[in-house]
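Two complexes follow with chain A in common, the first pairing it with chain B and the second with chain C.
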Partner chain A sequence: MFLATKLIEQNARNFAPRLASCHCRKLSTDPHASPEIDNDEEFRVLNLRQVQAQARPKRVIKKDVAAPPRANKMPVDQDWGAVWPGPKTFHPASVPLPLRQGYTEKAAAPPSKYGNAELMKIPNFLHLTPPVIKKQCEALKQFCTPWPKEIPSEEQWNKHFPMEVITTDYCHGLPTIRNPLSRIVTIKFKLSTLKLDKHAHDKFLRLVGERYDPETDVLTIVTDRCPLRKQNYEYAQYLLTALYHESWVTEPWESLKSEADMETYHFIRNKSKVSAEEILNWGKTEGGKKLVAHEAFGKSVENLMNEGENEYNIQAYKTEALKLLGLPSLKSTSP
Partner chain B sequence: MLVSRIFPLRTIRAQYSVALVRNNSTQTDPEHISIPKRIHRSPTDILNALSKTVGQDPTAAHYKYHDDPYLIPQSNLQKRIYAMAQESGRKAARWLRQEHRELFQHSEADPPIKAFYPKMVFTEESEVDEKCLEGLIYDSEVTDATFVYTLMQTKGMPVSDSLKQSLLELLCFFNHTEPLSPELIEERWFQQSLQGKERQRKTWKDGELAELLFTELEPKTSRTYAAIIRGMCKYFQVERAYALFQEAYEKQIELDVETYNSIISITNFLKEAAEPRWELCQDLLNKMNAQGLCPNLGTMNALLSSISSIGNFRLARGVCLQVLGEFKELGVEPSLASWYYVLTTFCRERGPVSHVLVDILNEIEGKEFTIRDPKDTYFFVTAMDVSRNHLHDKHTAKRIDKLLHHGKNYDLIGDSYKESIYYRHLFALLCHTEPLEEFMKTYDLLVPNVYTPEPGIMEEVVRAVETNGALEYIPRLWSDMIIFDHTSRESLVNLVLKIITENRPSADIPTHQDLEERFNTIAWDVYTKIDEQSGARTQRMSFTGQMLGNILSVLSRGKEFEKAKTVFKKLDKSQHQIAGTPSYTSMVEYVDLCVAEKSPTEALDCLEYCIENGLDNVALARKIKEGFTLSEMHIAKLKNLVGDDILKE
Partner chain C sequence: MITFIHSYLLLILFLWFQKVSTKIWAHILKFHNFVRSQIWCFGFKSYRKEPITMLVRCLRGVSRRACAQYSTVAEPIQKLDDFRTNEATVANHGLQHLGKYYRIEPEVKKQLFTYGGLPKSFEKQIKTFGETCLMVREPAVEVMHYIKSTDLSRPTVRYVLYGVDGAGKSLTMAHLLHFGLEQGFVLVHVPWVANWFKRPKETASSGSKEGFTDLPFDAASWLVHFKNQNASILPKLDLKVSKDYVWSIRETTPAGSTLLELIEHGIARVKFASDTVEALLHELKQHSTAGRCKTMVAIDGYNALFYPQTRILAENKVVVTPDKITLTKPFLDITKYDWTNGVCILSVDRIALNEERWESELPQYQLGKEGFEHVDPFVPIKVDNYNNKEFHSCINYYLNRRWIQNSAPGFDDELKYLSASNPFKLMNICAPL
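And then the complex of A and B:
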């Protein structure tokens, strides 16, 4: 017992100096006196671990007063370009407009601009108001040269400078200034500006394939295989030159092209022409002037063969055939 | 992964006439197309041109702060804290990169940016050579260069004389201390206010590596002498600098102009009295002349700075004009620093009034300046000081302000400290000289984004409002005072309270319409603010009787009975803490309110308080008696307080 109290005393000294040491001392000297002590004061537990710290009253942190939105202070005749000089996310306190955006369930007004994520999500063009654009254009005029007087219209412009070269520069939010996409070079021009004969034209189109748009007559060559823009541009130039000269070359085997190799039906080269003329020249003497199938007939046959049979083509073929044979049209003879 | 916004900057569609494509040579064009040459421009010319289209927005804070009401700083303290917090974030990032350099081995930038890489760390084992030292000197890494040099010495590696010379120059320029990184813009902006105080003290580090290098270098050339002399002059080791200068002169080593300039700039330390000092300057100039050196702007500014500290006003003025004339003949154009020295020479506190500032303005008005001398940034603040304290002339002040906002001159305002002093002078001057309405326009334009008035200036503004009787500005100024954290200034708060107590808004004036209500709010604001902090550990302000009396009268006039009751209770309960007693009129006004609200108990309490504090009570008692039909209990109390006499009347 004595040893135990001694131990307690030691602990008390070591860990809880605040603990009224008289309690322990009394405990060690006179163990029988303890009940009396308990009576007048609640027995305090020796807490070695300090499980729960005394709850302190929380300090109320006072927040600084925020100023009212600065849009309230803006005069109506202010220079908006100075307030919103560059592209940035919408901020309700800086834009003096009663904007509303967003979806509401009932037929209520859309949410106002404060705390409105819908307005922040969409890109805005508040920095590009017409007066600002005007001002910026004025500022940039000093870097512009006058337009050459010799070429007043776009038509003439296209005539003198038929080829268009398109390249793109990129701006990053990154430490690097490189962008692989900027190497790509596109050249565009109208095929009609090239001097090609029928054969060369045909061959040229075969060589360029899908790069030619027959509707607008524009040829587009995109080069991106070289790492640098200059190389790609030169490569495009080379391609164009090679294509042009290659299309003028007639290979010896091209003469071997037979009727079966033809992509389209040509009236002049076919049996149809011979047969039609045979009919026309029926019974004519050898020395007499031979009749030739007229062009419109040939066209209608070609259409019929190349485009396929349809009502229009057949009708055209019919009229042309009647015309060819010198027969009256069916309409007048029909009852 | 880095999320970046990439967008095409521009797409160039150029039209070419290529030999091959131009096949329409059959339709030959007789006309010759002359395409004008491209106008040359630097990479940033377009950006500069566009940025010039953007004007000033008085409602916006400086662009370094976030454009959000919660993040726009209002008071001077907030401005400093917010900017420095951002900077400290950047510093932390830099520290992290330096501490964990192994994690930052990737190189994002292309072309590589040296500033993005962690710095080299040198230890005793590092492999160093001359090239490495050269690089460090080139990058102005003072401590690293010193370390590498000593390491090379201990390893017994030879260092060439030219490299030793460059190291000497580096050490002399920076005085062996690492310069503040140029990237820490905010720290510079807010820090330089300290530099002014210690600038005239000897800070040169004696017996350090620079001097060792100087003795080691043999034979000593003029560059060697120039480096050490300039360094010692810059950091005010004046005696030794002059001794070395003499030594070089005796050895007939020809020094350059800059070295002469630095010696001239320390003549005010070498000779105390005015005449010998000027003689020394002349002697130095003669030596330069004998050597065939042509003085430059630095010489002029050094001379003027030396002259500006001459006590003899007449001599200083004469010599100053002489120098200006001489250099004008030489074709040296003065910088703003020269004009700053002229101002300090001519406009002295006890000297006669000089209008030299007007002449200077006539000379430099409408010009755009770039920095040519470190002291250039002192001009605007000194000029404004002169126009406020010396000339008391708002026209000059306005001319200075116009010059400051011309072109890029605002770059020469210096730092935050100088800027706020500049505006302090401007505000104080305009406040006294301009009509109040005009002044308030300037106030609206500059406060709080450009300038936050200090309590002293605020007090002057409030006083000007008081003398003009323009009560309508009081609520606005009070809300500014709350935002600028001036509400703990007792004198300011008392002044505002005094004004709103002594001046009653009249219903006739349209601008005074809702003023009474707003005054109530101000009074209640004052009360709550002081009451809130009364328990706090850092109590900056405590109630006085006068203050509470004023609050009470404003609230009584505004018929805010509940609030007035609270204030009176405070006055009554903590009498022992509150110094002074309120004025009698405020008590009368409170009792009037009690009568209006039919609350005899409160009125009697007030009477009791007046008796306890020795205020006139008879009239008050009479008022209470007449104002109410008192109950038995109240009559008894009244009798108890003032006796039977009044009741009998």
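And then the complex of A and C:
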């Protein structure tokens, strides 16, 4: 409502002078006054054509003259660490190297470093040149303590400190110095350093699953579920303790492990032994002393099954089978 | 293909009218043999009638004298070549005969291999050479040595032949069959087990066993094969059936009738052939254990019995596994160790199975765990490619048979590299030479 009255007021103000001038014109139409008025006033000419305007001077666009690449001016013995102090995207003018990178259609040289996106995309290590690293190490040395003399070799060191604890500290320019990733704790150790019997070893491996690397015998436990590093470290210790003691427990249902659950082939548990002994004891009466299959035969069958089949294992099996069946080999009897 | 055959025929006729020289004729015949082998290789079944062969035979009949000089047909041997041995008794073959060829008499071949037992390509070669010659090779000599030194009153020993494709497992088995025939074994020979499971003649659900599948025609043809192989020995042994076999209300084989009668019945009544095979093998096992006969079991492609697939569909369109086929059980039973006076020669061959099991030719892989346990403890016998001596003996034999006619210097080394000393490959490579 208020807006509407405002608009009306404004219109009234605009129209007032116009109305006034109209009124004047009407007044001046009497015959006495009209010639003077005609001489005084010139008719404005309506010029529909474009009047040739005076040519305005063109604005000169000042271009900044690109400075020549500063790489050209670099002295040979400069301190490179000062030129390229930290990790940075590649810049052609700062790197005094004739680098080329990229693909061209014909067998021409790869594009040069100027305006080369290929060089900018890839990460570079220009801030980590050997002299710079050396310098940084020198600077860090003041914070280091000497290596203990008691554990000179790696064996000693592995023996006294079998467990490796890996954590990461992050350093960056932010208002906060906390980084959530620094809570993660990894512990690593060789399984052979734990005292486990055959059953416990088997159970331990089943419990840890893929955390164990059979090639290097290293077990890796990573904990990251707690908010603090200390909590995670303690949790890892707890896990290790629990695993160790749990693997020593034999549950009543473990005796139900059948042949199909076996990891390796055992001669004494299999039909192979039964067949071999039945053949050996063929025709023997019940009371007679039973023969047991040769240990070497059992070994050869186990090798064949566990190590996989190859010509060597088959020949070993053949030799043992011939002995078991009481057959003379061809070569030994031939002249 | 048809245009090719026509033009080929025209070419032969044209050459005939041109009266080309005999030497060229020999080459043409050889080329024709090669073409024929290629046609057979690629399985053009429609050309089995072989009109070309008929024509060429007519022509050859006219020009026999002209061709005689270049023909591959055997001639009477004047003097013994160094790649042959005169030792006709297989039992005498020993290490001194290794790499030499011995000749199998046509009657023996007819008795042993009429219904299978020799590979097809080898059969064709026999036909071309006009004689059946086998090379005495180490695996066969080795097995014969073992058999000769076996105490037959002990449980049956199982020998498993294995080796790469085309190394000669089947021919080693053929050699051993000849040995068995000579030594008076009853032969239980299956030429190729996979034939039953891959291309059976007919399938029917079993009348005697619930849920099993019969292969009536295959069983009957196996009975024919068995009867043929043991035609000479069965009447002599005069083995009797131990119990009544009731086939139907009207048909029985009473206890006391001969095994031959049992077999005859199985052949005549194809419906009961599968059960007859089972009865026959059961009886043979009993007789052998009792010492009334000795039995040689030879099964080629034995690993097919343990492969969990066949190409047979049951009535409900489900793939039948080998253990649900009536023929499987008797042959598994007879390869157990629970009987005496017997010998089992089994060959494992990767071709008997599907391609997924072609990675290795070694016996345990081919048999699988179940099969391995079934035959364990067995004697693995490796049939290898030719060694140097055998290779040169084979080349000399092919030269002698004019199977190789172009012998440029160094050709044998080239052949050796090309074939990698594999007997089957060598035979194929030499075909167009």
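We adopt the following convention: the second predicted complex is superposed on the first by the 182 of 335 C-alpha atoms of A that agree within 3 Å, B and C clash if a C-alpha of one lies under 4 Å from a C-alpha of the other, contacts with A are read in each partner's own complex, and residues count from 1 in each chain.
Here is the rule we go by: a contact is a pair of C-beta atoms (placed from the backbone, for glycine too) under 8 Å apart; a residue touches a chain by one contact, two chains touch by 3 or more.
Bear in mind that the values here come from a model prediction, so they are computed numbers and not experimental data.
Asker: Should A:43 be classified as contacting the first partner (chain B), the second (chain C), both, or neither?
Answerer: In the superposed model, A:43 contacts neither chain B nor chain C.
Asker: Have a look at where A:237 lands relative to chain B and chain C in the superposition and call it first, second, both or neither.
Answerer: After superposing on A, A:237 lies in contact with chain B but is clear of chain C.
Asker: Contacts for A:159 in the overlay, against chain B (first) and chain C (second): which applies, first, second, both or neither?
Answerer: A:159 contacts chain B only, not chain C.
Asker: Between chain B and chain C, whom does A:85 touch in the aligned arrangement: first, second, both, or neither?
Answerer: After superposition on chain A, A:85 lies in contact with chain B alone.
Asker: Identify the partner contact of A:103: answer first if only chain B is touched, second if only chain C is, both if each is, neither if none is.
Answerer: Touch partners of A:103: none, neither chain B nor chain C.
Asker: Taking the superposition as given, does A:195 touch the first partner, chain B, the second, chain C, both, or neither?
Answerer: Only chain B is touched by A:195; chain C is not.
Asker: Compare chain B and chain C by how many residues of chain A each one touches, and report the one with more.
Answerer: Answer, by number of touched residues of chain A: B.
Asker: After superposition on the shared chain, which partner residues are touched by A:114: those of chain B (first), chain C (second), both, or neither?
Answerer: Touch partners of A:114: none, neither chain B nor chain C.
Asker: Now for A:140: first (chain B), second (chain C), both, or neither, which partner does it touch?
Answerer: first
Asker: Classify the contacts of A:278 with the two partner chains as first (chain B alone), second (chain C alone), both, or neither.
Answerer: Second partner only.
Asker: Provide the residue numbers of chain C that touch chain A in the complex, in ascending order.
Answerer: Its residues touching chain A are 94-95, 138, 141-142, 145-146, 149-151, 153-155, 157, 337-338, 340, 360, 362-365, 373, 376-380, 382.
Asker: Taking the touch rule as given, give the residues of chain A at its contact with chain C in the complex, in rising order.
Answerer: 270-272, 275-276, 278-279, 282-283, 297, 301, 304-305, 309-311, 314, 317-318, 321-322, 324-328, 330, 333-335
Asker: Okay, in this complex, where on chain A does chain B touch?
Answerer: 64-70, 73-74, 78-79, 81-83, 85, 88, 91, 93-94, 132, 135-136, 138-140, 142-146, 148, 150-151, 157-179, 189, 193-195, 237, 240-241, 244
Asker: Of all residues in chain B, which touch chain A in the complex?
Answerer: It comes out as residues 2, 4-18, 20-24, 29, 31-39, 41, 45-46, 49-50, 52-57, 59-60, 67-70, 72, 74, 78, 108-111, 113, 116, 482-483.
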